[in-house]
Amino acid sequence: MELLDRYFKVRKHTEAICSHLQTEDYVVQPVADVSPPKWHIGHTTWFFETFILKPYFMGYQEFDANYNFVFNSYYEAVGNRVIRTDRGNLSRPTVIDIYRYREYVDDAMTKFLGHAPSADVAELLVLGLNHEEQHQELLLTDIKYILGHNPLFPAYDASYKSPKANHSDAGFIRVDEGIYEIGFNGDSFCFDNELNRHKVYLNSYEISANLVTNAEYLEFINADGYHDFRHWHAEGWDWVKNSKVECPLYWHLIDGGWYAYTFHGLEALKLNDPVCHISYFEAYAYANWKGMRLPTEFEWEAASSKFEWGKAWEWTESSYLPYPGFAKALGAIGEYNGKFMVNQKVLRGASEATSPGHSRATYRNFFQTHLRWQFTGIRLAK
Amino acid sequence: MELLDRYFKVRKHTEAICSHLQTEDYVVQPVADVSPPKWHIGHTTWFFETFILKPYFMGYQEFDANYNFVFNSYYEAVGNRVIRTDRGNLSRPTVIDIYRYREYVDDAMTKFLGHAPSADVAELLVLGLNHEEQHQELLLTDIKYILGHNPLFPAYDASYKSPKANHSDAGFIRVDEGIYEIGFNGDSFCFDNELNRHKVYLNSYEISANLVTNAEYLEFINADGYHDFRHWHAEGWDWVKNSKVECPLYWHLIDGGWYAYTFHGLEALKLNDPVCHISYFEAYAYANWKGMRLPTEFEWEAASSKFEWGKAWEWTESSYLPYPGFAKALGAIGEYNGKFMVNQKVLRGASEATSPGHSRATYRNFFQTHLRWQFTGIRLAK
Amino acid sequence: MELLDRYFKVRKHTEAICSHLQTEDYVVQPVADVSPPKWHIGHTTWFFETFILKPYFMGYQEFDANYNFVFNSYYEAVGNRVIRTDRGNLSRPTVIDIYRYREYVDDAMTKFLGHAPSADVAELLVLGLNHEEQHQELLLTDIKYILGHNPLFPAYDASYKSPKANHSDAGFIRVDEGIYEIGFNGDSFCFDNELNRHKVYLNSYEISANLVTNAEYLEFINADGYHDFRHWHAEGWDWVKNSKVECPLYWHLIDGGWYAYTFHGLEALKLNDPVCHISYFEAYAYANWKGMRLPTEFEWEAASSKFEWGKAWEWTESSYLPYPGFAKALGAIGEYNGKFMVNQKVLRGASEATSPGHSRATYRNFFQTHLRWQFTGIRLAK
Amino acid sequence: MELLDRYFKVRKHTEAICSHLQTEDYVVQPVADVSPPKWHIGHTTWFFETFILKPYFMGYQEFDANYNFVFNSYYEAVGNRVIRTDRGNLSRPTVIDIYRYREYVDDAMTKFLGHAPSADVAELLVLGLNHEEQHQELLLTDIKYILGHNPLFPAYDASYKSPKANHSDAGFIRVDEGIYEIGFNGDSFCFDNELNRHKVYLNSYEISANLVTNAEYLEFINADGYHDFRHWHAEGWDWVKNSKVECPLYWHLIDGGWYAYTFHGLEALKLNDPVCHISYFEAYAYANWKGMRLPTEFEWEAASSKFEWGKAWEWTESSYLPYPGFAKALGAIGEYNGKFMVNQKVLRGASEATSPGHSRATYRNFFQTHLRWQFTGIRLAK
């Protein structure tokens, strides 16, 4: 059965990501944005239990009533929950308990999917799988934060293979003025925030074929870009000064040489790789310093077939707003996207941490302007 | 001379606004967003001294070198400054000192404008006058906050006349799909953020001919809208709960009846007036509860000739972003608008506190999503 | 009538202290510990109205019912009050309003004291006068903070005369081991915290005849005392690092020379004056660095007849705790001292800002360990 | 060899305490005051490595140079350290790594103690063992906090035996006025803060033979003691209101019945047990409400032979201050006690969590006034 196969493929991939962890790595939450890996393991399981098994699988016995409290992320409609900043305070349920929970739900899902589900449930299931794929990326970003902020700088996986950087000399791609169609159009899965497909009018513009590299970003640092207010938004300048930021996250200047924490541990900075782990504020300041700007998400999408993308999420100048005619789903699922559409910026593309098959040219990722723990980079426009 | 006449007209209007104040009212700063009136009096004067007299009036003697530190608002390029939250800690310079400073600069400007200024300087002067008109509105909003948060609820001006509310039954205005031109187009003054005039593609939409009234907003309160997470953005919901907001700013429920602080003191709520002093979060939640939405700034501008506006600034769904081809001015003046183009929402229209002649259909006002001390209201779209 | 004479003498002295202020100086509150001078003027008046006129003067008409809310300091038993940090946000009542209130209460007190009051009321009156004398000292300390933190460094009173520093070469005074009697003993006024007189056993000790001077304290600064954790309490070290303290309050290092803000404005540091405006943490660290310690309040009192004191309050090693048999008064007056007897240190002596006739060898002043805006100095013991 | 035997006895006891934990329980730090158990395991080991093996055992090879950074608690003299609030963010070193470290140091200590150490080193060793016994108690208090704040309320050890409560009817013990000797006097180990033995003069007083019970404390709750400002210090009242405290830590009111989290999990409150896990503020308020007071540490010690103590630490009215002639040890060991002697209260006695043989009538424990996670109770005096 195809759905069940896909279900297990996704579920096993989550577990494969965690296979390099020590038990202790599953538990900690160094900052509010990062969740403990064991929480992700439980939360993705809770999603299937809450939205599929409990409402649709007659006779299903909840694994543990307390788990709703522990593993609800932000769904106000599904009851109280552990506040986000407290996730790292919970030693129980243990990692083993949570894997048992996972197995229990997987078993029930196997039984449940023995009969072909209704279209509605199939839709929920596909949403749940896409949801889990999103958490697979969060697992990698959170694990990188947990290990990369440990004073021992342990490797995550010595055999981890970074994608190859394809740095071309293609320069800038010119796009003509006119009306473009934006948004998802097709039969396969997309998130509600990619709908509806609609027209936008774009002035002519140029967009870079390449992401900004570490070498290029170092020029900004060496030109004292972090200490010159003229390149920054007022709010970005406050952020730089209050956070004492001097370089991308995970970079370290050691005895005059630049190093970066990677999944292999601390390594000499690779100059030709795309710069990564920068905030929107930094992306904007860099572009400003270059006398250019970031593309809007519409410019990005309209040109996306003309360049390679996928090693780092790309900050756009666009705020995360609803497309014309956007409508939330009913019930708890309706909290998925719409309620975050304020004071966040859209990122386009995908990153090396994005799960296989989870990227689309119409995909709208979004984060707050000061965050850096995601794999985020810069493409210039002018 | 026309420029000089206009200069004095604007300058005297600022002083007229303050004519109802006691000396003590000029001094306090109850929250960071509000500035003490004496600071506005000094800062608008400092603007002319710093950007016109010092660079362009040969032989001009600065009034007091310390005043640059005291009255610089946010221009990083013009040196250090008193941090914003400390403005209300300064008892000196006194109100009289600052009026002397004002007179001194006005005298110098009179002399300076005896000869027709160059086009560049005339442009700066007009910017300075528009800048002072903006501070005239801020003076009124800040004075309202200062007096409206005093436990004695003193009136600002018993003879103050609110504009009449023109509540029509015009219902919704329908606008057709297509390309519209947005942005300022003309020879007179506009701010840099209104340029360039450019095309946008709009889907068809409907926009209300009226602002939402106090009576209509009370229905939202009575329907428990402030306690139902479903209407709110996640960030708005956090704001409502943490700030314990239950109604618009200045509203008070006394013995079962609703009152509002106005420039006349505490008065029974006027049900047909537009609701005012609400945050973007509240505007969004109200629209959501009604099953509608806020217009974008483009929808607003494209339809603006078809409805009356001007008693309250209108929150739009649009984030404050640069128009295509936006370019900052060189030097300190370049800090005027561009550096605030992140994490703010555009307001369109004007309010009863806006100075005469200071409004345009292309005017882009902007504030953060949680702020309420401005005269801000709601127009619905669908 | 003696009581009435004394009443007016005290009341006029308060007004004399304020006679050097501009209206604006009365209004501001740069930090929570400092109150606006107009608040002191109102609060000392409120004390007589609340505790004497309202309960004991038949037919007395309260001046304004709102003033209880505005001018109550910390008496929970007397109703709600403006929270301390908001005092500087109130532009109304104006300074003139408050002086009218003062006059109104003084008139009523004159009438009321036309007949000799009962012993109970006379006792309350004397408490009220001592209370006002305490606020006279607070007025001076708060005014110094307000003007001394203004970037213009205005003088308070050019003709202000600092007491002469009597620096003797008397060295250390030796006191023998044994039982000493501590606490107030007499018929005149004292605060409840000075009672009961009781025995303490003291080991032999030596106490300095002089306060530590600015010159001596400079040696500590020059020896890098502010950057060596070994001299500090753990909590003091956190305070030094977080507050970035490098010298006493009001000291400024300008072009290599030390200056201090005084009631005359900014002046070159007087090396032979006692060091002043230091926290307990600094007093302790200095003593520690010298290989000595601060005296306990018992050691101080037992030796107090053998040295001069009175230009700066002297930090002691003693925590502010009740004497054996301490009992709070009934009602609101009982909140005067007892409820502050935790996490504060006792200061002994008096300062140049203490009102004439308000000092005693048994007087127990008290502040938190990080505060510096009082006139506080150091006497060493070993 | 006696010292080595004792060394292993203490070290094994620490491990026995942790034998009931899951790996995850070792890792978390729900609040700054609580340390992760694995940190205690490492820190007590680091103490022997740092203060004994590295300086005194020739040829000793440090286990891992990074561990000094990870396991230093507060010794400024021994280099940088992980800030306290970050201890719970460290997944590495793992629990197994730390037990290996422990074994490595124990092996080295075995070799080192093969030859009788010098008197100086023996003294350090005994200090290290007493230090570890203190951390044994902290382990129990921290484990109780970690499990007791988990929404699943897991038991620590189902077979844990609480000491029996010996509630007698002995009433109050009267002690006569006079000179008493206070402080440690003997040849065995004591901490530096118990020295020097010295005379104090005490007024006559009465001290209760029993600790206040849960039943008695419930009367205070039922009399609305948590909502009546008159019983509280001003700072305590702020704490109660800001922290929304309504009962002792670990108490829960469920369907009208009182429960408490214990090492067995959630249990019905035992009314005859001493009240436990209350702050100094609560102890003071309770005594005040009873019309009594807390004893001073001197009153406690002078009477300590006349009552039973040891199930809960007893808050005293005494601030934690140096005894006459107190002198810090040289070097890092000197940071052990002296630098905490400000803004803390002395607790006397011992608790059920105190390690066997670790209690003395002269022992001075100390905590800040708002803390409750220790086993802290109330003995009344009058």
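By letter and in written order, the chains are A, B, C and D; residue numbering begins at 1 in each of them.
Operating definition for what follows: a contact is a pair of C-beta atoms (placed from the backbone, for glycine too) under 8 Å apart; a residue touches a chain by one contact, two chains touch by 3 or more.
For clarity, every value in this text was computed on a predicted model and none was experimentally measured.
*Asks:* Determine the shortest chain-contact distance, in steps, between chain A and chain C.
*Replies:* 2
*Asks:* Computing the C-alpha centre of each chain, which chain sits at the greatest distance from chain C?
*Replies:* Using the mean of the C-alpha atoms as each chain's centre, the farthest one from chain C is A.
*Asks:* Please tell me the distance, in whole Å, between the geometric centres of chain C and chain D computed from their C-alpha atoms.
*Replies:* 37
*Asks:* When the C-alpha atoms of chain B and chain C are each averaged to a single point, how far apart are the two points in Å?
*Replies:* So the centroids are 44 Å from each other.
*Asks:* Find the geometric centre of each of chain B and chain D from their Cα atoms only, then give the gap between the two centres in Å, rounded to an integer.
*Replies:* Roughly 57 Å separates the two chain centres.
*Asks:* Can the chain contact pattern be summarised as a line, a ring, a star, a complete graph, or none of these (other)?
*Replies:* It is a ring, because the chains touch in a row that closes back on itself.
*Asks:* Which chain A residues qualify as touching chain B in the complex?
*Replies:* So the residues of chain A touching chain B come out as 74, 76-77, 179, 198-201, 203, 229-230, 232-237, 280-281, 284, 293, 317-319, 321-322, 324-325, 339-343, 369.
*Asks:* Any idea which chain B residues touch chain C in the complex?
*Replies:* The touching residues are 22-30, 38, 66, 69-70, 82, 86, 88-95, 146-147, 149-152, 154.
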